[in-house]
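Here come two complexes built around subunit A, the first alongside subunit B, the second alongside subunit C.
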Partner chain A sequence: MNSSRKKEGQMKTKKNEKKTTRRSFMKNLSVAAAAGSAGLVTGGCVSLEKTEEMGLKWEEYFKKNYRLMTEEEKGETVARLERLAKLKGDGDIQMSSQGPRENVLYGYAFNISRCKGYMDCVEACVKENNLDRTSKTQYIRLFEMDSGQLDPTTGDGKYHHEVPVENKFYMGVQCYHCENAPCIKACPTKATWREPDGIVVVDYDWCIGCRYCLAACPYWGRRFNWGEPEIPREEMNRKQHYLGNRMRMKGVMEKCTFCVQRTRQGKLPACAEACPTGSRVFGNLLDPDSEIRFILKHKKVFRFKEELGTDPKFWYFID
Partner chain B sequence: MTTNPQKESSFISDCIRWSLSGGIGFKIYLVALLAIMGTGLFSYTKQFQEGLIITGMSDIVSWGLYISNFTFFVGVAAAAVMLILPAYMLKDKDMHEVVIIGECVAVGALIMCLMFITVDMGGPFKVWHMIPGIGLFNWPSSILTWDVLVLNGYLALNSLVPLYILYCNYHNRKPVGWKYKPFVFLSIFWAISIHMTTAFLYQGLPARPFWNNPLLGPRFLASAFAAGPAVIMMVLIAIKQWTRYPVNAQIFFKLKRIIVVSAVINLVMLFSEVFKEFYTFTHHSLSAQYLFFGLQGHDSLVPWIWSAIGLNILGTLLFAFDPTKGNPRYLMVAAISLFTGIWIEKGFGLIIPGFVPSPMGEVVDYTPTSNEILITLGVLATGVLVVTLLIKPALAILLKYKETNA
Partner chain C sequence: MKKIFLCSNLLFLVLGTMLLSCQAAMASGSTVMDRIHAAKEPFDNMKMETAYQLPVKTVLAKESYQGGTFRVLARKDSITRFRCSVCHTEKKMLARDGAFFTHSDIEINHGRGDDKLACIECHDEKDRDFLRDAEGKNIDFDHSYRLCGQCHFRQKRDWLGGAHGKREAYWAGERVVRNCTSCHSPHSPAFETKMPVTYSLPLDQ
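Now for the complex of A and B:
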């Protein structure tokens, strides 16, 4: 998108700034090295770190879309991001760029006759995925429903009372990882896509924050970082994935990733693991012996807004 | 285009001189615009630092004032075609006199559009991710990429054609038909396409039943062809008032006719939409209900939409039955009321209800913050400034050309 002339001007000055910082980075580096060897530096370390940070950010700014990166480039950016997190004071992050596993297509099934609305899943998700505490971002939402209804839009998504309530049932909603996802089609920069294992992900560094995908999603599956997301350092989950729960920045889109950092290691998503009632079933749709395949075959299942042709990988079922 | 650098520089310096020359009133006007732009820029730096959190938008209403205005001004830009078409295709002499004004308004409107998109973005420095070649351009899948193409293409067409004509006139030459006429024809189709594409941006989202409506595109066009010429009429009245450039009374008459026809078509389609939403009230009519009557106690748009409809009808009637036979003051009132009516209707009235209720059935109100309003005003002031600074030298050149060739 062509920005206005004014913005272009700003961009140029910013680029120039960066260029000079890079040049001065080199200069500073040699000066600091010389001074350091003389053993005379006192505050040198701080400025060295600053320049290192600038250099890393500069390289990050010009990196490619994740999908176009070679394995080597993926490794490099992950290393840079780990280093940047450390410089920022976030501690030792372990960031993975693990790819999809062979012959895996993830699917999710939610038992509406079992869920009691405890919201343990919501809490586990917030912690696992480093969701912004300031704006109280949640990927999962639970709707309290009156019997006789099956459409969560008629339910109460803001209930704040003791559960379970008699004659009510509960429906969890989140990104459904549509096979024919309108959000992917909408994105002007291909910053969001569906991985071979069926997970719809966002490259946070590539997203320009236009929010067209959010408008296109029929399930309200996406969340935008309106401000700078914040988490108390001690609560940060440092086991991260590039496409998953790594720290987001302001102005980018994010969403449920089926806990890509866990599921690609063969674990359950945090929500499924946390559920005390066993209402959440997660598994490989390509594995004929998986629990999810059993449910799809033997239970009464349905999907939300089936008429839109999005082909979600998320089913509701009744015992 | 040139071989003589000296001539070139005198063209540029003359244009700049003509742009900025003017009496004390004009100077005050410029300073006022710059001041508004300054506050806008200041608010934008704040938004840039803190993020879009300083706006009234949320995950539920995720586009607001910026995108509303963007949508409306795409219409204004497209409306230049209502002058270009008769001027070049039907060889209408009167229209030919003022077609340049239409083109300047289009350029100003497009610059506003691009600025509105930029201020709405979460990562404006990452725009290069969209540039084909160095970035990834999701074309043809994403309608937004189409919109980027058509808007920039239209901007290029609408700046280069007039530039060429003015440049020739400046050197007292007649522009060579084959060099620019093909582009004029192209720009006519292009004008339609910028508007349709912008409509498709919304129309193509099944997630939002309020937008997912085949009438959206055509209605966009009709309202644009009413509001756009209304803006051009306002500019023409101002030119007639404050400059010596001759504006023929016939032009007002012709513009008036265009406006009335488009406004009536727009109202008919509005009525058709309202009928569909309310005669058989379905689940998908909730957005319309929110817009016109309020939903679950949330009714912040209700006064706006009804005043918009009132102004729409008033403006249409004023244009249709003009007892003064083209009195500029009268026309100004009519143009302002129609323009404001469509502005509210196409902006707020179209974008916000698309998000309410949310796909999960939630109803929230959206109110723009003061920062958001200041940024919007800043962008508007920039557009007005651009139009002013383009029209002044253009008219000076045309006037000189006409006088020497009279």
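Now for the complex of A and C:
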């Protein structure tokens, strides 16, 4: 709770207002709540919208960890966040709190003999997930690798030239949604966990920004918001999920969510859909008839740093 | 006021931690491979109630996937001058229209080394509205995978299973995959060399 108070304090204020300190912010909140409950319309002092916004923020402040919320409470917070976004001028957000499906466990396979390093996946991910443009945050990193190497640390993760280069191959790295994830164990506030369908998520409102998880992840799976994430309004993806691509705040951790806002609707993650070479295969590991199961059965597959026992749900394969 | 905050905060935190650690203990145990091996029942993909309507035309494939049916993206719709037989007739034409009518824009870059394929190795010489396989069977443009698979049988096997090519938009619902020609130009099937669409900052940033 202390954390979310800190964050609220950090929340960016609109241009025309003065930046509020934490103390004055808290004071305003109580004033607003009092004004709201008394049914007063104090003309000229606090506008109706302002009162509403403060009331909503007040309720947001006292909400629980997402995992402890009832379906009803999830619905309420989603409605509040949609309204707050509207008041902030972000337009009509459709935020979902759709839960996991039974008998679904998501898994991913990446064909290292097909990927050409075009990076359409990276671009699609940035747009889909409302990633901060200022710091050029990206969930996916592609490494240009020498043949014979299988460890991305030996590759070039910032290439910018015509691809593919002869005798090189390309390896995409992102969060592997480990079944036995060290990042989850490292979190002191239980702000990050694995959903029943296997997706490792972060409750942005519960994260205190300590970055223990980032240090614990052996795969560069996590991204930290050092500043307030910024996205041009016209590029904002308004189809959001509470655990996915909703707007993050300064000081919280985020990561690939297998595009939870898409995949729980039966869609492919943005990266898999965008890939022009078909190197990215996504599907249900619990379905013996799925493409990903075909790959696990018939192709030469390996997982990166499997010996660590993190049990990733992300395989590399070759033709 | 502040005291109340602190008290309620503490209560939430203690309660939350207790509840959550219980859940975590319950979830741990089996590995992904254990769970995969235990899952033998096919998932009912059609159960995904989310409406999925593709904005593109598809056709039922003339092959089976895991014993069932699947669909491929149609091809004929995207061939600019289909139907071919409109032009390919016995009718005489003017020499000056030749450049337009002879597909002079198509460059064949398909085949090993200098041994490029000729048009009629894939197109039916007699009935231009069809392709033709090595056995002389007509093949519809929408089902070109049947033709490509003659030589590229390993790719076709992988494509049928899902290790080559890709699904269109959805992992669930009816299986719809891209045709060979959705990604590869049949006349020049290799992927081109080009600039990546974006770049990444150095790792330490």
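Assume the second predicted complex is superposed on the first by the 273 of 319 C-alpha atoms of A that agree within 3 Å, B and C clash if a C-alpha of one lies under 4 Å from a C-alpha of the other, contacts with A are read in each partner's own complex, and residues count from 1 in each chain.
The rule is simple: contacts are C-beta pairs under 8 Å (C-beta built on N, C-alpha and C of every residue); 3 or more make two chains touch, one makes a residue touch a chain.
Only a predicted model underlies this, so the values are computations on that prediction, with no experimental measurement involved.
In the superposition on chain A, contact is made by A:V163 with subunit C only, not with subunit B.
Legend: residue contacts after superposition of the two complexes on their common chain; A:Y212 is shown touching subunit B, with no touch to subunit C.
Contacts of A:K136 after superposition: subunit C is touched, whereas subunit B is not reached. By the touch criterion stated above, A:W58 is placed in contact with neither subunit B nor subunit C. After overlaying the two complexes on the shared chain, residue contacts for A:R194 are found with subunit C alone; subunit B is out of touch.
A simple residue count on subunit A separates subunit B from subunit C, and the partner touching more is C. In the superposed model, A:P182 lies in contact with subunit B only, and not with subunit C. Of the two partner chains placed by the overlay, only subunit B lies in contact with A:P152; subunit C stays clear of it.
Contacts of A:A272 after superposition on the shared chain: subunit C is touched, whereas subunit B is not.
Taken together, the two complexes place residues 1-2, 65, 68, 135, 141, 157, 190, 220 of subunit A in contact with subunit B and also with subunit C.
Of all residues in subunit A, those touching subunit C in their complex are 1-2, 30, 62, 64-65, 67-68, 101, 103-105, 107, 109, 111, 114, 116-120, 122-123, 126, 135-136, 138, 141-142, 157-164, 179-180, 184, 190, 193-194, 196, 220, 263, 265-268, 272-273, 275-278, 280-296, 298-299, 311-313, 317, 319. In the complex of the two chains, the subunit B residues touching subunit A come out as 41, 50-53, 55, 57-60, 62-63, 111, 114-115, 117-118, 120-127, 129-130, 135-138, 141-145, 148, 151-152, 155, 201, 205-208, 354-355, 357-362, 382. Interface residues of subunit C facing subunit A in the complex, by the touch rule stated above, are 1, 5, 8-9, 12-13, 15-17, 19-21, 23-24, 27-28, 31-32, 35-36, 39-43, 45, 48, 50, 52, 65-66, 68, 154, 158, 161-167, 169-173, 178, 183, 191, 193-203, 205. Within the complex, the subunit A residues that touch subunit B are 1-7, 11, 14, 61, 65, 68, 135, 141, 143, 152-155, 157, 173, 182, 185-191, 206-212, 214-220, 222-228, 250-253, 308.
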